[in-house]
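Notes for the one structure printed next.
Labels run A, B, C, D and E following the written order; every chain starts at residue 1.
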Amino acid sequence: KDTVKIAYIGPLTGGVSANGIGGRNSADLAVRLKNQDPNAKYKYELVAADDECKPNVGVQVATKIASDSSIIAGVTHYCSAVAMSTVDVYHKFGLPVMVWGAVLPEITYGNDYKEVHRVNGTMINQNEVAAKFLTGLGYKRWVIIHDTTDYGKGHNKYFSQFLTKNGGQILGTFGVTADQQDFTAELTKIKELKPEVVYFGGLTPIGIRIRTQMDRLGIKAVFEGTSGIKSDAYIEGLGKLSEGSLSFIEGAPWEKLPGGLGFIAKYNQQKYPDAPEAYGPFAYTAANLIMDAIEKAGPDRKKVMAVLNNTQNVETIIGKVSFDDHRQNVVPLISKYVAQDGKWVVWEDSLYAKGQRKLGQ
Amino acid sequence: MPFDIFLQYLLNGLMLGVIYAIVAVGFTLYFGVLDVIKFSHGDILMVGAFAGLTTYIGIAGTFESPWLQLLVLVFISLSVAAFLGAVIARYLILPLQKAPPINTLLVTLMLGLALREMVRLFYPNGSNPKPFPRLLPTDGIALGEFTLRSDSLILLATGIITIIAVQRLITKSKIGLAIRAVAQDSETARIMGINFHQIVLITFMLGSALAALAGLMNGLYYNEVNFSMGLLLGVIGFSAAVVGGLGNFYGAIVGGFLFAALQTVGAVLFPAIMPSVPSAYKDVFAFTMIIIIMGLKPTGLISEKSSERV
Amino acid sequence: MNSAKSKILEASNLTMRFGGVTALDSLNLHVNEGEVLGLLGPNGSGKTTFFNVITGLYRATAGNVSFRGQDLTDASAQEVYLHAITRTFQRSRLSLPLTVFDNIAIGDNRRLNTGLFFNLFARDQFEKEYDRVVEQVRALLLTFNPQLAAKIFEPVASLPMIDRRRIEICRALISEPDLLLLDEPSAGMTHDETAEVMNDILQVRSKIKPFTIILIEHEMGLIQRMTERCIVLNYGKKIAEGTYDEIVSNREVQVAYLGQE
Amino acid sequence: MKLLISTFIVFLIYCILLLGAENQVEVGALVAVAFVASLVGKKLGFMDRLAIAVSQHSSFPAIASVVGVLIMMAVFHNSHFALLMLATVLIYAIVCLGLNIQFGYVGIVNFAGAAFFGIGSYTAAVLATHTAVPHLLVLFIAATISALIGSILIYPVLRTRGHYAALVTIAFGILFRNFLEVNDTLGGPQGLKIPPLTIFGWNLSEGIQVGGIELSFYIPYLLIALILLVATFRITRNLERSWIGLSMDMVRTDEIAASTFGVNIAHWKIVAFTLGNFVAGLAGALYGMMTAYVAPNNFTFADSLILVSIVILGGIGNPWGIIPAAAIVVILPEKLQFIQEYRFLLYAIVVILILLFRPDGLLPRRIRNYFPGKKAGEQE
Amino acid sequence: MALLEIDHINTAYDRIDVLEDVSIKVERGQITCILGANGAGKSTLIRSILGLTPANRGKIIFNGADITHLPTHRIIGQGIACVPEGRRVFPRMTVDENLSVGAYLVGDQKVIQERRDRVKTLFPRLAERANQLAGTMSGGEQAMLAIGRSLMSSPELLIFDEPSLGLSPLFVKENFKIIKEINEMSTTVLLVEQNVRQTLAIAHCGYVIAKGQVVAQGSASELAENSEVQAAYFG
């Protein structure tokens, strides 16, 4: 068999490296499984690189990967700013890539590059559901905390839009930095505002801090997070306090799909020291889509790109994947999760949905 | 602003301030001996916190009383940090003694990076935040919107007592005298019979233990620790030490509380006064104020007494 | 010597306080054009402080200083230098990593062209000026110590104390000052060495112009030989003034300074 | 001279191998070779001999470096990544030459280097996107803006010293990045795209064909970086070897003695600070255009520290030290990509080891020699 | 046996030899002086004794023990104190604190207080300025402080490197008187001075160093007559 190289790029060092390493392991898992498949035409090799979640480093490694003609395609980027900075590079070099974690809409919609695909949904989809869902449950008064990265700011923007549309009221908006430790000043102000729901647009680390400090100050509001906190680390980091936190993520709930359960079983089999984290399944899916395309079209960037462009209704562990005219996966479904008894549980199956427990207690 | 809310802000500010101040005291200590910014201070703090956490996991179930657990945890964490401090002094600081002092900055910077990366990579699941045990009693009183829990009080008292103790140690004790002598003129200090190497080692052990204590306090207060917690705390601690006035422990306290106040004001009051400015500008506000203060008081709030003459 | 004795420097009611310490206490004194004035006094009587106030390093708490009729009370150190007043320091203040040449050349700062264009781009012209300064420094060093002249491009750090003092004096002389302030130039030197250095200074003085000197010294032999007039300070006040013979026979000076009962 | 040329050739081959090295074995072997070679070289007194040879042919290193870069450019004419790295090294070297004026000469440690670099990039982004200003001019406007914004800090920087001054620049560095992130007019956290450099209507980001050979679009950037580096290097060198350098050294080593001899402390601090920021902005603008993207995350406090590290690692005050130091700091982490998440750990350890072996930096500053080559003749 | 015996030592800074084959004996209970022109190597000799710039050949014996390669603080611990060249007071400490550092190796607080009082009677200016930062003192005041500081430990051997530098005539006299008194209270003194006349007046014996070598030695009166000394100091 010929060896074909595909690339993985994500943050392997720095503050969000847990996600990057989880994604890397997931993509690696896909490659290993493919290499065990006797029917596969090629032997695959994953070239992993670290973008540090920094745009300039991203451009550097993207150039390195894209200018290496032995690499056929890439599973790229968790951080939106990095993805934004590298799409031009991929376009210039004609390297087909599939974004596996960055959620900013502009990555796919801001250009018309045939090279750039995305398996995960954008923050638009997520927030539409998030806003409708809780206003539907009868909540009225919100406070928004978001981190000032593109992720948090984007979430704030879309959530605010959808929330006002759905009749929710925003009492206050607080931007916090991603490395902030202390939120008591903001939270005291929030306590004074007496919201019913605290919406948090940001990632696990500060999500944990904010939730803990809410408790310290005795704030008893519903904690509504985004995809950024849907991680085991969130539950582990909070213990009992995680109970009743909400999170939303694009795609079908892979825990409930047969492929998803298989994924996690095989992941555990490989004994990776770190968890796949929330976006691991997307990286896994992206790697598989790419390898399938190579199987179909051969190791040729242009041909692989053409196959990827036309991906429609492909069954994956995150549900059906179909790309629209901007090669953005049209995510049919947003999954809602609630933390219950130390686990993320799909809302519909939870005691909360059944009315046996109440949020924000 | 309602009084209860105001009290809450005050308490928040005090807690934050005392943690900053302890970090700042560590910097003050190092400025003394090395005359250089020790950029790994924050990371030692983090290592101290993780050492405490590990100890807790290790002794889980061995002791009934949380107080006893706490004692063991503090003891081990401080010892680990002190040992680490001694190793750093011996193998990184003393060998560079003859090089320009700023080179120590680079070494400690790299050391901090290495420590951070080691925890991230080798501590089990180290890149994610860890819950820190609640070992202090959490009962408290509520006064309207104001909640005062006893753990806050204990931490506040510990912090202030520690700072005063260090201050006394440095200004009143023999060892403190030796530390200052080494700082000002290491050669002459030796001529006075002071064991230079030993003093550098002791200073580093003391400073590192202090960092570990700050790390533990941080963990006990926020009930969460993570591998990058030292980064920002380090920068803020440094800022507090400098803005307060170097070489002065009261300066560290003043700087610590000032910084906490700036952040609180920046996050809440400032946007309230100027509604067009969102709270996200708080750091911009705090650091702008720092620059302005430095312009007005170039040697810190509690000015260093000038000993320079011609 | 000019017997009309026009005053070159005048201090009136000069006061300098540091917290509780009054280092200069309503001091009135003047210096005549072209003379060598000895400034004496017990340790801590304010001699160095007087230099520091004149040269703009300290701002006087009260009183005035005028130089050739111009008010220098609030002048910055840089302005004072531009009035052609230079000095040496009681504790040597040389930049140790820099060469002998560098340390002396900066003394002629007033005449060096520090324009950006000249220095960065007009290297030919710069080289000409550089050659001139090297010659000047070398000539000066040759007067003081020919061996030192050979070390002109060596860093000062490796030189013994006495050479460092010489360099400091050269730095103060190279700009051909009108008023030279010497703060204990003999400290740490043997009699011979002191005599030699003083002779060298006088030699330079005779070569360029009869500039005025204020000399702070505890070495009475030197005072006797060098000065035409002396002023004695104690606790920041003038306690005596006159020729060497006059002040050594002053009772107050004997008790407070010379230690003769 | 023979010694020099052979050293140059060996070194050049080493650089080419290192830049081209892909896998762990190659990189590991090359790093090990460098370590062993430097140890053996020290033992055999090779460095001393080299130093003597260099002092006899003082213009050799400069010419050799330029020729070396050109040769590497030719070797890697169509491998984009190697050229990108090479150009990055040169650009970092330019910024650090600027910081060196501030830090090495007048003694202001600028912990906001990345901020001024960033101001250059952002200015380039705004001007190149929204105006028709010719791009070469954009570089200089960006540099000027960087210097102008720096002048906000002049008052506190002049009043403070040592750690107090360090705090001023640290605060500015952090503030700058935070401001970019929360303020949406400049793209907020996502940053901005920068159009590629266009000179006389020629878009530099399009590949070039010369005589049928495909050349990387990074070559023009590399050439511009090289020209700017040579220019800044010359200027820094002339600056150091002039009355200005002397005045600045006096300001750094003894402000009191300096002011007593008429040195205008404030003036030289302002000149150095402004010049340094100008250079940083210039490099930032070029870097921005080359990578075509700016975002706040490129200009964190950590990045400023990296810049300061280069100056220290090279040997404070010596412009020659900056070039190898920039190469190490830029290329080493990149070449360590194969160890993925472990690369920063290893990088930190390597830098610590270098400092333990060379406590004064790679090439410590030597005493000033206004006209090298001339001294020997004059002295005797 | 002599209290301090320096036995054929060589000392160098960065490979440049400064002392060559120097041998000196300091007899118990005496004042031994070292004379020599500038840059002769007197301070270097002291640095070698104190272990600051250790000798690279030869031996230094104090009280019968070889101290050549001991670290400085251990050497001091054997009972040596020193007024270093250039005074070297701790600039950001007060006068009182400087005195305390001088008594670093003394345990008893009462003894420290007694000695502090004695120093302050010897130098009233130090009493006046007990809380002034040493760095802001005048040159002569710092000299007084450095001398006072060295008296705080009660050493067997006191080494002075040009202690009267910068002192007014009154205090120069005072200073020599103090040295003599200290010596009479059974402290051995090694004195480096430029003030030859007064030095020879109180010293028992001495050495003359020139270019890093001992060129003459003898009792004080012999030295006063010696041609080397005449040449070096009296022209």
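The rule is short, and it goes like this: contacts are C-beta pairs under 8 Å (C-beta built on N, C-alpha and C of every residue); 3 or more make two chains touch, one makes a residue touch a chain.
Predicted model, so just to flag it, every value in this text is computed and none were measured.
Asks: Could you work out how many touching-chain steps separate chain A from chain C at minimum?
Replies: Step count on the best path from chain A to chain C: 2.
Asks: For the pairs C-E and A-B, output the one whose chains share more C-beta pairs in contact.
Replies: A-B
Asks: What whole-number Å value describes the gap between the mean CA coordinates of chain A and chain D?
Replies: That gives a centre separation of 37 Å.
Asks: Using mean C-alpha positions as chain centres, tell me how far chain A is from chain E in Å, no decimals.
Replies: Taking the average C-alpha coordinate of chain A and of chain E, the gap between them is 74 Å.
Asks: Calculate how many whole Å lie between the centre of chain B and the centre of chain E, each centre taken as the average of the chain's C-alpha atoms.
Replies: Using C-alpha averages as centres, the distance is 43 Å.
Asks: Two or more other chains in contact with one residue: find those residues in chain E.
Replies: Touching at least two other chains: 136.
Asks: What parts of chain B, by residue number, touch at least two of the other chains?
Replies: Chain B, residues with two or more chain partners: 117, 278, 280-281, 283, 308-310.
Asks: Would you please write down the residue numbers of chain D that are in contact with two or more other chains?
Replies: Touching at least two other chains: 178, 182, 256, 341, 344.
Asks: What residues of chain D sit close enough to touch chain B in their complex?
Replies: Residues 109, 153, 155-156, 159-161, 163-164, 166-168, 170-172, 174-175, 178-179, 182, 256, 301, 305, 308-309, 312-313, 316, 341-342, 344-345, 347-349, 351-352, 355-356, 359-361 of chain D touch chain B in their complex.
Asks: Quick check on the complex: what are the chain C residues that touch chain E?
Replies: Per the touch definition, chain C meets chain E at residues 18, 21, 41-45, 48-49, 90-91, 160-163, 184, 187-193, 195, 218, 220, 256-259.
Asks: Please name which positions on chain B make contact with chain E in the complex.
Replies: The touching residues are 174, 177-178, 180-181, 184-185, 187-197, 247, 305-309.
Asks: Which part of chain C faces chain D closely enough to touch in the complex?
Replies: Residues 55-57, 76-78, 80-82, 86-87, 89, 93-99, 102, 105-107, 109-110, 112-114, 116, 119-121, 123, 126-127, 130, 134, 150, 152-155, 171, 175 of chain C touch chain D in their complex.
Asks: Going by the contact rule set out above, which residues of chain E touch chain C in the complex?
Replies: 37-39, 86, 125, 129, 132, 136-141, 143-144, 162, 165-174, 194, 196, 232-235
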